[in-house]
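In the part that follows, the structures are each spelled out as structure tokens.
Each of the next two complexes has chain A plus one other chain: chain B in the first, chain C in the second.
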Partner chain A sequence: MRIVSILLACGFAFGLDTVVSQQFQSLYRLVVLAGLYITLAVSLNLINGITGQFSIGHAAFYMVGAYSAGFISKTFYAGQVSPQVWMVGMAILGALFAAIAGFIVGLPSLRLRGDYLAIVTLGFGEILRIVTQNIEPIGGAYGMNVKPFGSPPQTLWLAWILAVLCIAVCRNLLKTAHGLPFLAVREDEVASSAMGVNTSSTKVTAFIVGSAFAGGAGAILAHAESFISPDMFKMDVSFIILTMVVLGGTGSITGSVLAAVALFAIPEWLRNLQDPVTKVPIQIPGPALVASILAVVMTVALLKLAQDRYHGERVKKIGLLLGAIFAGSVAQMVLNLALSQIPSLAAKSFEAAALRMVIFAATLIILMLLRPQGMMAQHEFSWAWVARVFGKKEKVAA
Partner chain B sequence: MAGLDFSILPQQLVNGLLLGSIYALIALGYTMVYGVLRLINFAHGEVFMLGSYAALFTSWALGFSPESVKGIDKASSPMNLIIMLVVSMVVCGLIGVVIEQLAYRPMRNQARIASLITAIGVSLFIQYAGGLFLPQSPPPAISEQINPFRNEKVTFTIKPAPKEAVDKANVAMAKARESDVLYEKAKLDGRPAAQLETMRQANQEAQNEASSLQTQVSSQTSGIVIPFGQLGMLLTTVFLMLLLWFVVQKTKTGRAMRAVAHDFDSAALMGINVGRVVTVTFMIGSALAGAGAMMYATVLRTPLTPFLGVAPGVKAFVAAVLGGIGNIPGAVFGGVLMGVVETLVVWLDGLIPGLGGYKDAVAFVVLIAVLLFRPGGLLGSSKVEKV
Partner chain C sequence: MGRQGLWQEGEGGSMSQPTERPVVLSLNKATIQFGGLIAVNEVTFDLYKGDLFGLIGPNGAGKTTCFNLITGVYKPTSGSIKFNGKEVSGLSPAKIATLGICRTFQNIRLFPALSVLENVVVGSYLRHKVPLAFAFAYLPPAIKETKALRDEAMHLLEVMELADMADARSADLPYGKQRRLEIARAIATQPDLLLLDEPAAGMNPQEKEDLLTTVRRIRNEFGKTVLLIEHDMRFVMGLCERIVVLDHGEEIANGPPEAIRNNPKVIEAYLGEAV
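Right after this comes the complex of A and B.
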């Protein structure tokens, strides 16, 4: 069943490539990026969620992979092999370089814990970014063009196969004896070391494997975008990857995948939001926006209250939650009418695209407030679960 | 040691100290919140940003908006600065409390990483919502006319320039002033254009010579010049820190804060109103950031954008960790160290060209180096975790 899953997924990747490439170029790019974000989130989940090492500098490994592969491609590619084969090689090479970086960052994890480790990983990412900004041969602050093949290559299949590979590695690690030391280190480092787990090598291994996948993703990014700059690997990117892991449920691979796709898709969808008939970007009037922000705050507060305080029947609880949402909508309308009376605000309007990061941040806060354990919590997708949903009662061999 | 200019070293150290005092003010907020909640408050830099905007709006309300000061030299009084300081401290204190109540309080019993993500969310939200509502293009700056001391400065001379150079410069200055007066008078008299043009050129030459001689003198003098505003900034910072020390060490609230920082649960069991203590901590920490923001925006006259808080926020955070997060004197020490290291790196640019570009990275290099040898920070204590 496992092999079937992987084959299905690989087939899906190739199918996606052919189907999407016939469609528009912009969608192709988004699907590639979504695949890369899945790889990033799942690989960070290996470090953060499965091994419990608090790393918030994942963009650094992404950058190492992108720059090493990009530079080598740019300098040495002269049609030796076909672009597809060359890119596979570059992905491996990017992973190798990122693994070295991961090893270097993993070393302090032997000595530092929790927040201090987080800060060191963050600092390492910033140092690498600033150093890159100051090296002229690789483009400095401006960035570097990576166009070894002339035309943009087909990267989608590679991005998604890397994602599948990453998921497979993490899943197998969780399901087999090889993964037990990682989980033991997460649960209690002192106890696991007393039980004979080599905590040092476990932690460094997690960093090496996690960063290698990020490096591979970086290498693909460099070829897919044909242009990389240090600005693409800022602290914010690390934060977004970390958010994907936590929002999906720390430690849950399925959760990381879902959150990666969702958090990547929301801003992209808002960016292209336009009126379906006139094709004009949607304008949101100022009073409506302010009223919505206030109403959302109120609704979330009510929902949170109902969730925490009420421990009665399930039906009544759902009723209460729906009531909170209804009260919020009413409040939005009332506030909207009231705020429309203020002329300076009523004259203002905002494009939906400008709101995308605000909505992104608000989603983040609300999801964390209402479901702090993440979307999937600790659960995983499995065929047994699918079978249960579709009514087959017999046990499926996983 | 080619290229290193030792005569500017004392000045650079003082500049570093001034910059560091702002970092220290922000770092205090990080460290206090971390002390009581064990939470890295990523939104602290955004509170700082809102504080600088609060100062900007107050300066407009006091009659120093860009339209009203255009082309005129408006008189200001120190009172204006005090009002701005108080307003931005109060606004920031309130914002800190609101953020704590709405976003962090419901997360109190959850995993720490969930609170951290909420903090990142709040930070992004304030940045981008600020981008929608706050004036930002072109980036507004607080009018320098609100600072009544903008032309005054304190000078400490360490080694004066040679006497003859000073005399020469003085003579040139006098000459330049004389030629300026002559030229102005000629303009008023309505002399022919050609004659005016030659006079203008001569005047320009005299001015240039005087200013170049002046620069020569000042490059031969080694000393420290501190503008009055920056001196006031340093004194205010020191005053606020002493006030904080008094509150934390001598008052009942301060004792409660120390108890909560020491052990959250035991403090609650001892009858301390933990919720109130956390609120007060957020209020004080954010108010300090507001004070820092007002001085950053008024004295250093940084143009304001909704992303203004990110860079000082990260540096102050590094400073707090450097000193040992949760440790109040450590945050002050770390902040000052950070400012001094930053200016020293720019100074060392003379020795190793291109080093100045790395000034933001050096902060982190110092941090990692320190943490590897003292995992608890410079003044912090590192506890060995036991079962």
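Right after this comes the complex of A and C.
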């Protein structure tokens, strides 16, 4: 059973690689990056969500992996083995270096909690980035070219195998009794040490394993992009990864995966918003934009109200929520008509792509308002869970 | 590890004279000072194997601090604490738990998001034999061990009459059951010495009665030594065979319940009218 699933995962990764590289060449890079972000989010979830150590320096481990693998690849690769095998080796190496970094950052976590640990990890990430910026042999602030193979390598399969591996490792941990001490440390450190749990080794293990996966992802990134610079590992990357974990539901692996894909895809999708036929970037007329903003605010307020005040039947609640959305849409249309009467506003229009970060941020705020526990809360995807959810719905319908 | 492994065989039945049994825990002039406050001052007592030992006194007398000294949360300023003949003062809480002391907390400290069963399985941490790497790879030994520990925890929940709620979130349990669960979790570590910090606090009379039976059972059937802090005098007097009374960090009395009940110093400091 296990061997079958391993083979299936590998087959899936190679299949995806082939299909994407042949059919959707423009998407290839994005699919690789999506895989890497899944790895990053799930590995940070191990540290943040499962073990409860608030780390916001995950980009640093990503960078350690990228730079160590990139540098070694650039310097030492001379066709000893096939590029694919070499890359696997580099991913392992990147993971190793990042694991060492993770161990070093994990040490303060033995003494620090909550906000203080967050500050230390943040500082560590920034220090590492600035130091890298000032080391000339690895390109300094300009960055470093990593082109050991001549032609760009196929990296998609590796990125996705790493993602699957990362998910599998976290899931395995949670499925065995060994995972419980990690959760226990998150829940109550004093009580877990009273049970004899070695909280130090538990926390450091989480850091080591989590950062190793981030390092592996970094190594793949270095080869996929053929170019790395300190700018690619700024604080905002750490924050995006953290946002993925929180948005997905702290502690839920499924949530991290979903949020990673969503948060990565939304800005990328908005970037290319254009008319499918004429290929002209979509323009949003001024009145429509203002009306939409007002309508969204109204809808969210209504949804929140319905969510907080109404604790009755599920069907009625869903009806109320749908009603709120409907009311919002109507409001948008009415407002749109009304605002179109203002000539100065009607004359203006905005490019949709330029608004992408605004839309992205608004999506985050709305999700956090309406579902503060994250998309999946603490649940995991399983067939039993699917059956339960659908079972409930059937009961309500009947 | 099978079900038999869960409990070490105790002597069972009625206990012999304390002095004939080996000393489990021995405090010798244990003292801790926080700045100018001497929270526990030269407290000295011995616990013999199989004792049901009470630690009582008014609020702020230093009872919980005493527990914190024994379990390594604080390091004594002076004096010694020996467990099974080994000096434990200054060791970390986790290390002391490894040696075989486990405690419950005055303000219940369960792992709220974990299920009742999972809480107990955490208690069996010290009996993990399979390395962590096996768990990451989900290898058969790790799966087998998980199953064994879960079965064992389930058995323990049956003994503690919590089995029907095994899958509930521990935070959702009613108060009395949370206390029982905390005791179950402590027993899951298979300690030689069990420290209970106000186990009956907030319980109704029926729950207290059940708890009394349970604690007796822990001692009689499983040969554990129990040291407990409690304010409910009926509970303490009915359960404990020996009692130490603390007041302002000082030990003011040490003896069997009848002697404590009639001790003028204890009556003045704590009991007020005779119970």
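Just so we're on the same page, the second predicted complex is superposed on the first by the 364 of 398 C-alpha atoms of A that agree within 3 Å, B and C clash if a C-alpha of one lies under 4 Å from a C-alpha of the other, contacts with A are read in each partner's own complex, and residues count from 1 in each chain.
The working rule: contacts are C-beta pairs under 8 Å (C-beta built on N, C-alpha and C of every residue); 3 or more make two chains touch, one makes a residue touch a chain.
Not measured: the values here are computed from a predicted model.
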Which of chain B and chain C A:Val297 touches, first, second, both or neither: first
Touching partner for A:Gln133 - first (chain B), second (chain C), both, neither: first
First, second, both or neither for A:Leu8, with chain B first and chain C second: neither
Which of chain B and chain C A:Leu173 touches, first, second, both or neither: second
First (chain B), second (chain C), both or neither touched by A:Val190: both
Chain B versus chain C, judged by how many residues of chain A each one touches: B
Which of chain B and chain C A:Arg113 touches, first, second, both or neither: first
First (chain B), second (chain C), both or neither touched by A:Met357: first
Which of chain B and chain C A:Asn198 touches, first, second, both or neither: second
Contact residues of chain A, present in both the chain B and the chain C interface: 188, 190-191, 194
Residues of chain A touching chain C in the complex: 2, 168-169, 172-173, 175-181, 183-184, 187-188, 190-199, 205, 209, 251, 378
Of chain C, residues touching chain A in the complex: 71, 73, 92-94, 97-98, 102-103, 105, 109-114, 118, 121-126, 128, 130, 132, 135-138, 142-143, 145-146, 149-150, 185-186, 189
Residue numbers on chain B that touch chain A, as the complex places them: 34, 38, 40, 102-103, 106-107, 110-111, 113-114, 116-118, 120-125, 127-129, 131-132, 314, 317-318, 321, 325, 354, 357-358, 360-361, 364-365, 367-368, 371-372, 375-376, 385-387
List of chain A residues in touch with chain B within their complex: 48, 54, 108, 111-113, 115-116, 118-120, 123-124, 126-127, 130-131, 133-134, 188-191, 194, 235-236, 239, 242-243, 246-247, 250, 289, 293, 297, 301, 304, 308, 350, 354-355, 357-358, 360-362, 364-365, 368-369, 372-373
